[in-house]
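The next part holds the structures, each set out as structure tokens.
Two complexes, one shared chain (chain A), two partners (chain B, chain C).
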Partner chain A sequence: MSIDPLRHVCEDPLERKWTWISLILASVMGGVLGFYALASNLHPPSNVETIDSSRLHLSEEFAEDKLGVKTNPDGSLTITMVAARYGFYPPRIEVPVDTPVTLRMASADVLHGVHVPGTNMTTMIVPGYISEVTTTFTRTGEFSLLCNEYCGLGHDQMWSRLSVVEKPGGGG
Partner chain B sequence: MDHTDSARLSLISMWVGFIAFLAAAIMGVYQVLERSGLIPAIESPALYFASVSTHGVLMGFVLTTFLVVGFGYYTATTSLKQPVWNKPLAWFGFYICITGVLMAAVPLLTGQASVLYTFYPPLKAHPAFYIGATLLVAGSWVWCLEMVMMMTIWKRAHPGDTVPLAMYGTTANAIMWFITSLGVTLEAIFQLIPWSLGLIDTVDVGLARTLFSWTLHAIVYFWLFPAYIAMYTLLPKAAGGKLFSDQMGRVAFIMLLVFSIPIGFHHLYMDPFQAAGWKFLHMIGTFMVAVPTLITGFTIIASLEVAGRLRGGKGLFGWIAALPWSNPMVTAAGLGLLMLTLGGFGGMINASYSMNAMVHNTQWVTGHFHLIFAGTTVIMYFAIAYYLWPKMTGRRLYSNTLALTQLWLWFIGMLVLTLPWHYLGIAGQPRRISSTPYDPVLVQQWDASELAMIVGGLILMISALMLVYVLARTHGNSQQEASLAVEYAEPLHPVLRIPPLLNGLAFWTVLVVVYMVASYGYPILQFFLMETHGTVPWSI
Partner chain C sequence: MPRLMMLLTIMALFVPRAGAEPSSAVAFDSATLRMLANADPVRGEELAQTGKCYKCHGDAGVSEDPDDINIAGMSSSYAYKQLTDYLDKKRDSRDMYKSVRKLDARQLADLAAWYATLEPAQPAPQRNRDPAILRLVFKGDPERMIKACASCHGRRGRGGQFDHPALAGQQREYLVLSLNEFKEGDRDNDIYARMRSVAETLTEEEIEGLAAYYATAVPEAAQ
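Our next item is the complex of A and B:
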């Protein structure tokens, strides 16, 4: 290793080896995650879309009568929800198993977050912005949407139900 | 000797930190008890969130800032053997910090700043909270200037000489902290303070969170730096050996300076308003910042092995048994490295662009940062205190046995507290909750872990009380400390010639600024390019 560039800063060959291992380790971690991001389209929810959180009731998408589960032409689902102290609206939603679901969520007041224990569904819900996260629920059963960002003294009370049911027409 | 020059300032500064620490540790016990729901009489979200907010501010801002500043002044004067530059200014900075803390304490303790130490707009706290926190940061900038000036003056007086490693690390930390604290300061000055005073109606929460993320990651390295500096420059000597590599210490400090700031978006992975590409870029930097820690692990363990073998340890692991485990510095470093290893693996999950979704905002995260910060970092603060108190007071440590017991209790308490928290996170428990009124099927899997965390909290509080007791009693010890000189470790290979890039920080500072512009420039600018809607203040 006479041309090892690390030799200028590090005299000990063993330590040079370890430094290379550390650099490779960091690169491999980044590389693996990058690979899955591209190969499986696996990204964190990163929608950049603004909305006036104080006027949700007047918006095309997030007015009270527009919320809930909608089926898209390709068979996937879009769920429109509002997070407001201290609940998720609509408070009870039902989705079929093994179906791509896109959740679009907006906050009517402060910062919220949501995750569904036992699934990979999670996103922050930030006033002024629309969150969008896509997932597929692969197990049937009763799940909970829990608020996971401190939103005020009633934060603990903020949760709602999600039922994942068999596909209509017997998919299982 | 110049060590007395800064002893008073350092001692008082570190005492402020440890008093804040004790208060916060006691609050911690209340929090685990309240949260468990076992004692209905103490159930109160208002008190709980006031306590959590205060606990976070005291541990994350007060203990750390005063410890880093106090240790920094002492390191500077003893390693450079020169007095504090502009001493009245140093004291002025200290009093600015104190003013900030007292100012923020009033709204915190009266429940008017229960917005957690991360601020979370659009929840609004009393303006005094934001102004106090800003003053604390501004006061610490005086210390940053002091460190840069002291290193510059020393280099001018010693042309061609190598800056002592302890000072090199301290100054790197000072520069890093100044740059990284600008994010939260901008958020406070242009958004939170005028908004809380009613001068502006709304804040853009996306911009506020982006600015906070600028501070939020590197702040943990600001806390961690003293721990690493002690491991590199005090530990090898305390263990009876030498530092394996002085140069790699410099490389590690430089990498922490360069890579710890422009990577804050891993705190925003699950947020809307920043596009995936930026998040990916920040993830790459996040993994790069693991490299200096891996290098540190190697250098420190190799230094300990050198010490163990010099003390007669043989075989593959015999050197470990040969180490002087009765020395608090050695014990703290050993336990600290164990916690760093565990916490580091967890950190890899948090840092992962996609895996983060499984743990985001769950109790796992609380477990992770308690293990690394309250574990590794704070246990090294204890070791620093046990080492420096006799030097600063001139009196021998009140009881070495109590000190060792305290360290072990801290380690055990931290594992009992944080390992269940990791499990709770994976089992879906959100962080920052004061009770668990959820689906009983979900909640029942959490019960055993909730009990464990109470035990952990109690052990930690006892350990915290012991620390303050030992330090306080040291002041009254009639036995004099034999040597007041701080003994910095010598490198295994004497440093004869060092590349100028490893002896200065100007180049690296420019590099950080360029890297920051690249990774934060557009993500901040976008808020001014697109039409955004601000948010009015909300009470808690």
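Our next item is the complex of A and C:
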């Protein structure tokens, strides 16, 4: 500690000591986060598409009759959903198990989040942007889509149902 | 500016019809919000007089016929949306369509701004205190995916943002009528079916109970 770089900004040795402790703690925590992100191959959804949230129901993709589950030519599914205080619309969706599902979601009002407990499906839904996540649901059953970003008085009631069912034709 | 607004309204009417049919052509984008903020209640009062709105909605926006909605103190954004929906035939009412068909978007905003300045009717002092109804109002029913009324319409029923109307002090009959219309799908100008999805799971008793909770006092003569 003979040449302390913090000497130029801080006179008091005790203050410098605590500054060092804080810096080291922050670096260790950052390192742990970075390590686990790399080791588990975690990555945030990187889709960036903008949309006017105030005119969502008048848009092409998020028009009221365009919401729900659609099958793509390659057999994968696209689910178009809107998050609006206080629910996800359509409120009930059904998808087959072990099938790649791309969720495309947009907010009609404020910041929302969506999380399906028991699965790895989670994303933020930022007004003005389209959130896109691709996942595969590996267990059948009834799941909930929950809002996990505080969005207002009814935040705790903002949820809808997701049913994961056997593949048609008994493929599961 | 009025011409531009009219043009925008007409365009808004035609653009969605090319594709799907949205439940409302009103969007609370910055142009609409600016128009509502600049609306003139004085001009709105003149329009209300010439349009004889008082015949159904009362001199001060509180109607005498319990089937007619109280519009005093209604948020201007909600009133503007409903008036536009009547004009666009997104909300079905011959009388209201006839009343608004000659008005442009700015005049509808003025009208909405005028009624927003009036004192709303008060809810009845003895409200429905049925625990099941209070639970619906403040907690909702997660099993049926019913959100608490209070989460959108405010803890005191004074309404929320944009298209979430005040309920407190409304006519009981009107509330029953509206909830039944949403339940049956006769009224479908709620964007993304947000009210229909709630109303369709309510029972007749719950509709009556909720209306009794929010409604204004019944005039003594009618009791």
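As a convention for this text, the second predicted complex is superposed on the first by the 129 of 172 C-alpha atoms of A that agree within 3 Å, B and C clash if a C-alpha of one lies under 4 Å from a C-alpha of the other, contacts with A are read in each partner's own complex, and residues count from 1 in each chain.
Convention: a residue touches a chain if its C-beta (ideal position, glycine included) is under 8 Å from a C-beta of that chain, and two chains touch if they have at least 3 such contacts.
Source: prediction; values computed, not measured.
Colleague: When both complexes are superposed, which of chain B and chain C contacts more residues belonging to chain A?
Modeller: Of chain B and chain C, the partner in contact with more residues of chain A is B.
Colleague: Return first, second, both or neither, reflecting whether A:117 touches chain B, chain C, both chains, or no partner chain.
Modeller: Only chain B is touched by A:117; chain C is not.
Colleague: Pick one for A:131: touches chain B only (first), chain C only (second), both, or neither.
Modeller: It touches chain B, and chain C stays clear.
Colleague: Kindly classify A:152 by the partners it touches after superposition: chain B alone (first), chain C alone (second), both, or neither?
Modeller: It touches chain B and chain C both.
Colleague: With the two complexes superposed on chain A, say which partner A:86 touches: chain B (first), chain C (second), both, or neither.
Modeller: Only chain C; A:86 stays clear of chain B.
Colleague: Between chain B and chain C, whom does A:64 touch in the aligned arrangement: first, second, both, or neither?
Modeller: In the superposed model, A:64 contacts chain C only, not chain B.
Colleague: With the two complexes superposed on chain A, say which partner A:160 touches: chain B (first), chain C (second), both, or neither.
Modeller: The second partner, chain C, only.
Colleague: Touching A:52, do we find chain B (first), chain C (second), both, or neither?
Modeller: In the superposition, A:52 touches chain B and chain C alike.
Colleague: Looking at chain A, which of its residues have contacts with both chain B and chain C?
Modeller: Looking at chain A, the two contact sets intersect at 52, 54, 109, 152-154, 157, 159, 161.
Colleague: Considering the complex alone, what residue numbers of chain A touch chain B?
Modeller: Touching chain B: residues 8-12, 15, 18-19, 21-23, 25-27, 29-30, 33-34, 36-37, 42-54, 109-111, 113, 115, 117-118, 120, 122-132, 142, 144, 146-157, 159, 161 of chain A.
Colleague: Of all residues in chain A, which touch chain C in the complex?
Modeller: Within the complex, chain A touches chain C at residues 52, 54-55, 57-58, 60, 63-67, 82, 84-87, 89, 91, 108-109, 152-154, 157-161.
Colleague: Please name which positions on chain C make contact with chain A in the complex.
Modeller: Residues in contact with chain A: 12, 15-16, 19-25, 27-30, 140, 142, 145, 147-148, 150-152, 155, 161, 191-194, 197.
Colleague: What does chain B use to touch chain A in their complex?
Modeller: My answer: residues 45-46, 49, 114, 116, 120-123, 204-206, 209, 244-245, 247-248, 250-251, 268-276, 279-280, 283-284, 287-288, 290-291, 294-295, 298-299, 302, 348, 352-358, 360-362, 427-439, 441-442, 493, 499, 502, 526, 530-536, 538-540.
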